[in-house]
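For reference, chains read A, B, C and D in written order, and residue numbers begin at 1 within each chain.
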Amino acid sequence: MTWLGNVGTHLLACVAACALALPAMAAEPGVTDNEIVIGMFAPLSGPLIAYGIQPVNAARMIYDDVNAHGGIAGRRVRVVVEDDKCTGSSLVAAIKKLVTIDHVFLLHGGSCTAALAAAREFVTREHVPLVMLNAAGDSLVFPPQREFFGSFQSTQRVYGAALAEFAAGPLKAKRVAVIVHDDDYGKSNLASVTATTERLGGKVVAVERIPPSITDVTAPLLNIRAARPDVIISGAYPAPAVLIAQKYAEYRMTATPLLQSTQGIPTPSVFAKNVGDDTALVNFYHTWAFNDIAEPAVHDRWYGMYRAAHPEDPDPGGFMVTGIPSALAIVATLRRLGCDVTRDGFVAAMDGLDLQTDLMAAPLRFGPDRHDALRGVRVVRFDGRTQTVQPGVYSWNGQDGN
Amino acid sequence: MLLSPLLAWVVPEYLLYIGNVLMMDAMLALGLDVLLGWSGQFAFAHIAFFGIGIYGTALLDMRAGVPFLLGMPLSALLAAAIGFVIALAAIRLRDVYLALATFAFALSMQWLIRTWDSLTGGPDGLRIAAPALFGIVVGTDRRAFVPMAMLLASMLAAMLHLTRSVLGRSLAAIRDSEHAAAASGIDVRRSKIAAFTISAFCAGVAGGSYTLFGSFIHPDDLGIWQLVQVLTMIVVGGSGSIGGVLLGVGLIGVLPELLRLAPAQWLVWQELAYGLILMLTVMFLPLGLRSVLRRNLRTTVPPRTRRGTPTMEHTAP
Amino acid sequence: MTALFSIRDLGMRFGGLLALDRFAMDVAPGSIHALIGPNGAGKSTVFNCVSRFCTPFAGDIVFDGRSLLAEPPHRIVRLGIARTFQNVELLDRMTVLENVLVGLTSHVPRYIDFLPGARRIAAERHAVRQAEETLDALGLLDWRHATAGTLDFGRQKVLDLARALASRPRLLLLDEPAAGLRNREIHQLDRLLVDLARQRGITIILVEHVMQLVMSVADRVTVLNFGHRITEGPPEAVRGHPAVVEAYLGRDAHA
Amino acid sequence: MLMLKLLQAAASGVVTGCIYAMIALSVVIIYKATEIVNFAGGELVMVGAWLGLLLVGYFGLPRPVMLLAVPVVLFVLGAAFDRLALGRIARRRPSRRLEHATLVVATIGLSNLLKGAVRGIPYTQEVRRLPPLIGGAPIFVGDVVLERQDLAIVALAAVVMLALWAFFRYTLPGKALRATSQNARAAALVGIPVAGMRMSVWGLAASLSGLAGVMLAPKLLLTPDMGDVVTLAFAAAIIGGFTSLPGCVVGGAILGIMQNLVGTFIAPQAIAVTPFFVIMLVLLLRPQGLFGDTVGVRRV
């Protein structure tokens, strides 16, 4: 329970200190004697609600828990939630409302990197810290920007690098085939797979960039089969990921391991049911940034907490946990600030974050020149029924594919 | 208009942003209405012309150093030129085929923007550098508000002129009956091409105006759903009339922002609500909300006393 | 007699259906020429060919010594041919006045939109005055600001005619002007047509089912069935023609 | 190897093409009867598929019952849409031209409505799949792999196409529908209930879409956005001429094969744009498609 801290002992000291610091802080937006306002935004409508509704609920659960335990330095956390629809214009409207109408202290949200990028100039100009919820694209944290903190469940660079490393290491693969989408996720996934593979002495023998709307994956899989790879790395989204696994089995390619990035497999049991044929999964691996698969105790704790906090949603999907790490990082940083809560102070404190949690595969770390929190993920073998976490954490070295 | 400089300084940036978006949507919708409401053609290409306006203005500024005041009209002209070529090829098609051909054009343009990385930034989107007007860098909602209002005002003036012009009357005639229009000497083909071109030009201007306050554009923002939003505005307000279109832009544009006041769990049903609004409007108010507002203002009942010597007399059947 | 307007061996096909088969007719200047025949005989197709809405595969249409087949639809009215429509093709959402202004299109210079303000306004005023004269002549002036779609059917038919007359045609094609009118109205139409032809010298081709009108006003009648010309002649001669009685009059006489 | 690639791409393309064809058939019969392009065609497929999953997966109904129930429910949905929305629009006619745009807008409204309704159900947030009706090991023809369910899809598309063709050609209601579509006024004169005909066409098309959804769900995967596939159905229909039933199937197969060939020999990135190019090219060069019986070009 590192993140909860020693609430009782600090409380009195802080309240006293805050009373002294009060006049200096009156000007900081979103912070009063007894309240810190956090502006959250995520897709609550439209095609991508799976990345918004439950993660936001999970983050709120963390804040509610903090409040239930006395708040942070005597202040309660108040959350204002807005819908961003995962479109640029709606997201910018949401952020501008949160900042200029609700006067929030910081922004916490964003599930879609491309939409979030539309807010870059405004956030930078207003100097509002923006902690990304679960966006897994790279464009806002590479190169790092002062106000943006992200990659709490890692980014495409990490997924790509981890799978390439796993392929070169335990699987001893020399020839790698890559299948990704023709969007920003696909671009950075491919870049880091290529760079890592080449660094480790392997070779990318086939690159297939497919549209997310693809209905027939025959062509890319024929191309891959013709390239005779030792391993196939896929960065596809859920529906194409299923089509790929099916076609891969149909073409008897299951001797070649199939490695899938997280975004294609939100809930493994549903994925297996969709593929419909466990023989497709005899040699199947995927990345996962969380420890809830490896350790049932971790799973039970966080899912139990969610069910208690949101009894109306008793069966959360696999992406629910993606709302948690960023909230934990915010709470930990606010605690370190104590009562002297300013935006500049928050940014500086975030830059020094080094948070070890039971939930994440690796520590969440920031630095002045590093605003991507998580660089290590686990690789999980999945045969359609059971998930076996492979030993070790696979990490991105911070350079490949930059 | 006179108030706008004042407004731009006292109003929170969020509201200014909404205002700017509404003004841009108004230009987009007015342009689409030239095609849909005036000449009765149904086409999806509008969103592509909007994209050409955005990417054209931004790239001319950033890559070639062409200032906004030159780059925006140039991009709009480019949109108009492409619109003209499409019109030449597509205008002879029947209604449905025109809709389908332009549907395909809009989607392939989106694909082209997404795929042509080196020019457009492709799937990473494009950061738009703030343009300068007369040496003043704009790029924020506050500074863009007045130029946006001026752009919209000029477009409104042009539209008013168009409604009173012979071309405007010809388009209205084509919308109501192509046969009667042609038999009365209206060159239907030429008028339709003109409407298509003007419409594309307006979309280009609307796109160019986006660079005044928008700092980023992504190919995902140029999809069919965005066009359906504009379409909803026109249909709900009342197509074929400037006032109706502005009314629709105001209502439908503000709706998602009003919904922010609603409980979060309602938001999931937004899409359904849009569909319902669209259907109910075309079912019960084929001329849009405007017709409700105007019903009391303008009467179409003929006067009781009549002068002149009628050659033919009619009583109601 | 030199014909102002003649149709020569016209052939028109819709898919597999032969709509017109070597159809021919000549119309003398200043005359009222009726074109009759049962439903689907091809009468409206003749008009649509003249309006250039459809293109025949054979034959020619000549007006004033000039072939119409080379002309696009909007040029026809400029040559002096105006028409009305069987089911009334009004510009429903425009006002009565605007409908007639549209009819004046062929007399408005095409560059008018680009004229300087004062001259444009003067030209527009002139057009409105002409339109109002036409409306006045047909008794629709009081409705000039009404939306055309809201008029009753009878007035809509008059407006359709007003729009056609506004172009000051030399040849007027009327597609069932009497359909749906009452007896009294038909009587007035009768007077109007005669007036147009005798006083204003407008040549009229009349497609009509109301035989009472045809027999009263027509100088000449052409009978059409299955795309063929069955017979042609003065009304009295046609009335007694056995093919006509069988194909057409026998059924419609009761109407 | 090249030959094998070519054959496999073609075989698989035919199957996907038949999926497009099934949806295209529904779009085309509506167009033939009412001259409306149904932009909600894909959403009807989507609703059918989710409904099938609901009946089998949640209520545990046996499959034959589901196969019967889905078309029935969809028939009601389609007929109700025509009756309540389109019929009302067609009756009050501000102007003929406007009416057409309005009817298209109504189908766009229906598309959003259905999508939004399904999206509101939390279960649909994740991609789902309906297990195939026919399972079993794939069949090898030489080195070309053919899945049994794929063969079933091809067979079904052919059967549905033939059945519809026969229906329109030989049965009385079918003939009445054809007459209605060719000349509604004349049809009304000879006593065909035009409004009822239109309604049943919509019902028929919707139930066909629903059936297609149930059959295709194992291959397409269920999401609230799966209706976007209607674009591909449009392309298939346009290749075939947009009014021809066999044209849908041939057009679908051509498109499916073309997409796979483009993906295999040019770049998979170009797969998405292939149907759009096909639509534009066909409309530019040969608007009547391969088998269109009406010319898509007007004189005015």
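Heads up, the rule we're going with is that a contact is a pair of C-beta atoms (placed from the backbone, for glycine too) under 8 Å apart; a residue touches a chain by one contact, two chains touch by 3 or more.
Since this is a predicted model, take the numbers as computed values, not measurements.
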item: Joint neighbours of chain D and chain C, given as chain labels; value: B
item: Central chain (by mean CA position); value: B
item: Distance-maximising chain from chain C - centres being C-alpha averages; value: A
item: Whole-Å separation of chain centres (CA-atom averages), chain B against chain D; value: 31
item: Centre-of-Cα separation between chain D and chain A, whole angstrom; value: 38
item: Chain centre separation in whole Å, for chain C relative to chain A (CA means); value: 73
item: Residue list for chain D, restricted to those that touch at least two other chains; value: 94-95, 98, 119, 269, 272, 300
item: Residues within chain C bordering two or more other chains; value: 52-53, 73, 91-93
item: In chain A, residues with contacts to at least two other chains; value: 46, 49, 53, 182
item: Complex contact set, residues of chain B against chain C; value: 165-167, 169-170, 172-173, 175-177, 179-189, 240, 300-303, 305-317
item: Parts of chain A lying in touch with chain B, wherever the complex brings them together; value: 44-46, 49, 53, 81-83, 87-90, 92-94, 96-97, 99-101, 114-115, 117-122, 125, 139, 182-184, 186-187
item: Residue ranges of chain B touching chain D (in the complex, touch as defined); value: 36, 40-42, 89-90, 92-97, 99-101, 103-105, 107-108, 111-112, 115, 174-179, 182, 188-189, 228, 231, 235, 239-240, 268-279, 282-284, 286-287
item: Touching residues (chain side chain C, partner chain B) in the complex; value: 51-53, 72-78, 82-83, 85, 89-94, 98, 101-103, 105-106, 108, 110, 112-113, 136-139, 141-143, 146-147, 150, 152-155, 158, 160, 163-164, 167, 180, 182, 184-185, 188-189, 191-192, 195
item: Complex contacts: residues of chain D adjacent to chain A; value: 1, 5, 8-9, 12-13, 15-16, 19, 119, 122, 125-129, 131-132, 138, 145, 147, 218-221, 223-225, 228-229, 232, 256, 259-264, 267-269, 271-272
